[in-house]
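What follows is a pair of complexes built around chain A, which joins chain B in one and chain C in the other.
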Partner chain A sequence: MKTDLKWHLRVNVKAAIARAYVRVVGTNREFSWIFFDTLLPLLGTAAYVYVYRAMDAPEEYVGFVLLGGAMTAYWMNVLWNMASNFYFERQGWNLELYFIAPISRMAILAGMAIGGMFMTTIRAGSLLVLGSMLFNVRFNVSSVPLVVLAFVLTLVALYGLGMLFSSLFLMYGREAWHTSNLLQEPVYLLSGFYFPVRALGFYIAIAASIIPLTLGMDAVRQLVFSHLHFSLFPVQVEIAGLGVLGAGLLYAAAVALDRMERAAKQEGRLTLRWQ
Partner chain B sequence: MAVGSRSAAECWRTFKLAAWLGWQMESNWADPFLFSIYSIVKPVSHSLILVVMYLVVRGQAAGGGLFAQMYVGNAFFLYVGQVLFGLTWVVIEDREFYQMFKYMYVSTPNIYWYLLGRSFAKMAIATVSVVIVLTFGRVFLRLPIHASTVDLTTFCFSMFFGMVSCIGMGIGLAGVMLVVARHGGHASEAVAGALFLLSGAVFPIDILPRLALYPAIALPTTYWLEGVRRGLLGSGMGQTMAVFSNRELIVVLAMLSLVYLILGTLTFVMCEKTAKARGLIDMHTHH
Partner chain C sequence: MSQAIITEQLRREFRVDKEGKRRETFVALDGVNLEVNRGEIFGLLGPNGAGKTTLIKILSTLLSPTSGRAVVGGFDVTSDPYSVRRIINMVSGGEHSGYGILTVRENLWLFSQLYGIPNKIALERIDRLMDIVGLSDRARTKVHKLSTGQRQKMNFIRGFISDPEILFLDEPTLGLDVETSRVIRRYIREWVDDRPDRTVLLTTHYMAEADQLCDRLAIVNQGKILACDTPSALKRRVGQDSVLEIEISAQAGQLQPLAELSAQRGVRRVAISSNGGGTLTHRLSVIVDGDGAIPEVLQFLAQRGAIVTGFKKTEPTLEDVFLELVGRRLTGENGSQVASKG
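Then we have the complex of A and B:
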């Protein structure tokens, strides 16, 4: 039994590393993304900086926009490279291989997440660094360990949500694809990507907290612009909330993957392409 | 392949069938009710981001002035995103996911017109989105758009040449997609983001740094958005554009649109040649 557990653990870790490896190496074989994924998104984010400048907003709002722009990269990665990846894998004839291999679906998804985070962190980091230099943003960080903790918990919860969404793609095709598409602008709005989420009103902000980015960005903003007061909840509460969300979403993802896989097999839709 | 090497009738038939196919692919995944909700939520949310930003800073977001100009620019910019995405994503989607691009390539008389047809469905959806966003703005945010004050000539010419320029940029980018891997599919969003900034879609271009002002005034989208603002609201945004009369604005927009259409087409033809020479027409990049 002990050997079995050890073997399963070893195989799954190897599967996750292998899946992440393909992503990282694949990225390095095609350098066009450096231009398209780092420099051009900075210009898109800069537009919102100029919106605030046109309205004579306080300069701190520029920092809000840059943080929101950086987190956009993660949200896009979760939606398109994580949640909908089973859809793309099915279209590319890889999905069957994952399902006949003696590995957990979560290991494959974890590999996708790690590989995706690598590329996305470069994109988000370069946007933040270049944007800060370009617009002369000053961060007033109150606690670096708490910033790191809030950020890591946000990513765990966010990629857990991505795993949960990915289960939908075992069953559905274009319906789930369009759902991912739909989850862009409304989430930018509800999570307060470019403004403090409290501006939406307390109850809407509470409802939007089911999306990990809402609490995550509010916590990080509080910590890096500690001289401003715009929070939804105190940082400690938001960090605890992110921890609960992360654990809950990962558990829900495991259950949903199992159930959707079974349902998809029963209906013969697991490997059905172009649906 | 030469873009104009086939008869007009064949090109028209390709365009028409591709547009029908595009519409089916865009709309038949859901029942009409769900599709309507989907068509409303996305563009309205996009506009509400700007509304809340304005609200946070100014305390209220309604009426005319800067808010109306931002709102209208933001609404019409939906076309840019949709047309660019529509044209570029077809290449990635057909080649990588449906793996049909090679069949389309050999079976259609002209792939250029096929791509234009497929993007037409996106343009139709963008039109619905823009109408919804403007209606929402007129009803709930008291945008000063009145039938009696709308300058239809400026608006229509701006729209026509604006669409031509979007197609020019989109077709050029579609050409680039022929030679890059799958993750290049997000390039259209990145380019749209850059255009969002440089065209002054939601702020006057006067506040851009001088270095960014030169590309801004070389973009047809800058003149197009200014044209639709003047057409619908009766006034434009910022001092830089104020030096042009409505007529001059349309003339500059027409010339730039033509230039971008020619450049985009040339880029497409060159990239297509490269893709064929390197055997990339049926490339699969599954990482």
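Then we have the complex of A and C:
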């Protein structure tokens, strides 16, 4: 039993590393990401910077926008590379191979998430550094460990949401794809990518907190622009909320994946590529 | 347990959309009972849509049966799929698995990791298998640059990387050239013979492949197993007849008396074909009840002055078996479907 547990642990870790390898090595062989994922988003972010400057808004708002722009990369990665990945894997024949292997599907999703996070962090970091230099942004960090904690918990919750979506994609195919399309822009608004989320009004902001980015960005902004007062909740509350969201979403993803797999096996959706 | 695979009354239905939003039930497998012994290469032979792939998908835990039971390596595919997955692997002909941005070697390494194989062993196996199928020179080529045949070779290797107890091969030589197909068939045979607990379940619609490779095979049509036996036993079901293809050299005037050959004891049918004109070479197709009639046929020809320049005795083929059981031919020589009624 002990050996079995050890074997399961080893095979799942190896599977996750192998799946992450595709993301990390594969993406680095296509250098076009420097243009598409760093320079182009910087243009979009710059537009908001100039809007704030034209309005004579406090200079710290430039940092707000830049941070939001960087976090956009994670949302896009979760939506299109994480949630839709099982759908694309099925089209490319790989899904069957993952599903006949003696591994947890969560290991594959974890591999995708780790690879995705790694690559997106490089992109988001590049955007942040480049933007900070270009627009002369000053950060006033109150606690580096808390920033790291809030950031990590945000990513855990966000990629947990991606894992949950991936099982929906597996089941509903292109219909879920449309849902993702539908989610993209409203999440930009509701999470407060380019403004403090409190501006939406307290109750709307609370409702929007179901999206991990909302609490995550608010917490990180509070910690890196500590002299400003714009928060939805105190940092500690937001970090606790992110922890609960992360655990809940990961659990929900595992349950949904199990149920969706059973349903997909009954309906033949794991093997039918045209759905 | 001597059986690698057991199915009992296995049934699989699909609900399919019809015109006008009406849904109909399509029966892909209809009460399949099968026993595949450990250490054998077992073939499923049947036309497209017969249910071969559906059966493999159920046995490989990708699809649930509507009813009935399937046991692989002693584990129930429905109640204990993880145990099944530890001992199986699968290769589908014409699949396009893998990641185009990675090299052949990287892709194969990736899939080896899904089975927890230590890196050193995995890479050794990959290199050895690439050498066997002739893919070594493409080891560092990105997969999106491979030809269809090379990609199929890579998929084939992937199936063996985990050294499974039970391997499902769904049309493994589809799209491969003759020489590569031969190499792959030989390797499958050697792989099974190498260790007595290895089993291969193979689907094909290439008669020659089934005949050459399979220890036993089942003929499947419309979700049902019509017959299951060794290839030679299946062919014996068709009858004890032998077909003689005889090439003779004779003047045109000598052909008429040869027709009397059909009146000889043991001869059931004679067909003579000539190239026409004043040619001397003619071909006789003679169906005889058994081998005992062969000397009499040759003696008859010699007595009438025909010189035998070529002689070939053929046995009933699996194509004939299929024809007998299903009522139509399965494939042409090149694997293309032949729609004619038998």
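The rule is simple: the second predicted complex is superposed on the first by the 275 of 275 C-alpha atoms of A that agree within 3 Å, B and C clash if a C-alpha of one lies under 4 Å from a C-alpha of the other, contacts with A are read in each partner's own complex, and residues count from 1 in each chain.
Basically, a contact is a pair of C-beta atoms (placed from the backbone, for glycine too) under 8 Å apart; a residue touches a chain by one contact, two chains touch by 3 or more.
If you're wondering where the values come from, they're calculated on a predicted model, not measured in any experiment.
Student: Of the two partner chains, chain B (first) and chain C (second), which one does A:I210 touch, if any: first, second, both, or neither?
Tutor: Neither partner.
Student: Could you say whether A:V255 touches chain B, chain C, both of them, or neither, answering first, second, both or neither?
Tutor: A:V255 sits against neither chain B nor chain C.
Student: Just checking: does A:I34 make contact with chain B only, chain C only, both, or neither of them? Give me first, second, both or neither.
Tutor: neither
Student: In the superposed arrangement, which partner chain does A:F99 touch: chain B (first), chain C (second), both, or neither?
Tutor: second
Student: Could you tell me if A:Q266 is touching chain B, chain C, both of them or neither one (first, second, both, neither)?
Tutor: Once the two structures are laid over each other on A, A:Q266 reaches chain C alone.
Student: Output check: A:V237 vs chain B and chain C. Expected answer is one of first, second, both, neither. What do you get?
Tutor: A:V237: touches no partner chain.
Student: Does chain A have more residues touched by chain B or by chain C?
Tutor: B
Student: Give one of first, second, both or neither to describe whether A:T45 is in contact with chain B, with chain C, with both, or with none.
Tutor: After superposition on chain A, A:T45 lies in contact with chain B alone.
Student: After the superposition on A, what does A:V141 contact: first (chain B), second (chain C), both or neither?
Tutor: neither
Student: Using the touch definition from the top, say if A:G26 reaches chain B (first), chain C (second), both or neither.
Tutor: both
Student: Overlap the chain B and chain C contact sets on chain A and report the shared residues.
Tutor: Touching chain B and chain C on chain A: residues 22, 25-26, 29-30, 92, 94.
Student: Of all residues in chain A, which touch chain C in the complex?
Tutor: For this pair, the touching residues of chain A are 7, 10-11, 14-15, 17-19, 21-22, 25-26, 29-30, 92-94, 96-103, 262, 265-266, 268, 270-271.
Student: Give every residue of chain B touching chain A within the complex, in rising order.
Tutor: Residues of chain B touching chain A: 25, 29-30, 38, 41-43, 45-46, 48-50, 52-58, 66, 70, 96-99, 180-181, 183-184, 186-187, 189-194, 196-198, 201-204, 207-208, 284-287.
Student: Would you mind writing out the residues of chain A in touch with chain B in their complex?
Tutor: These residues of chain A touch chain B: 22-23, 25-27, 29-30, 32-33, 36-37, 40-41, 43-48, 50-57, 61, 76, 80, 88-89, 91-92, 94, 173-175, 177-178, 181-182, 184-186, 188-189, 193-196, 199-200, 274.
Student: Quick check on the complex: what are the chain C residues that touch chain A?
Tutor: Residues in contact with chain A: 14, 57, 60-64, 82, 85-86, 88-90, 92, 95-99, 101-102, 106, 109-111, 113-116, 158.
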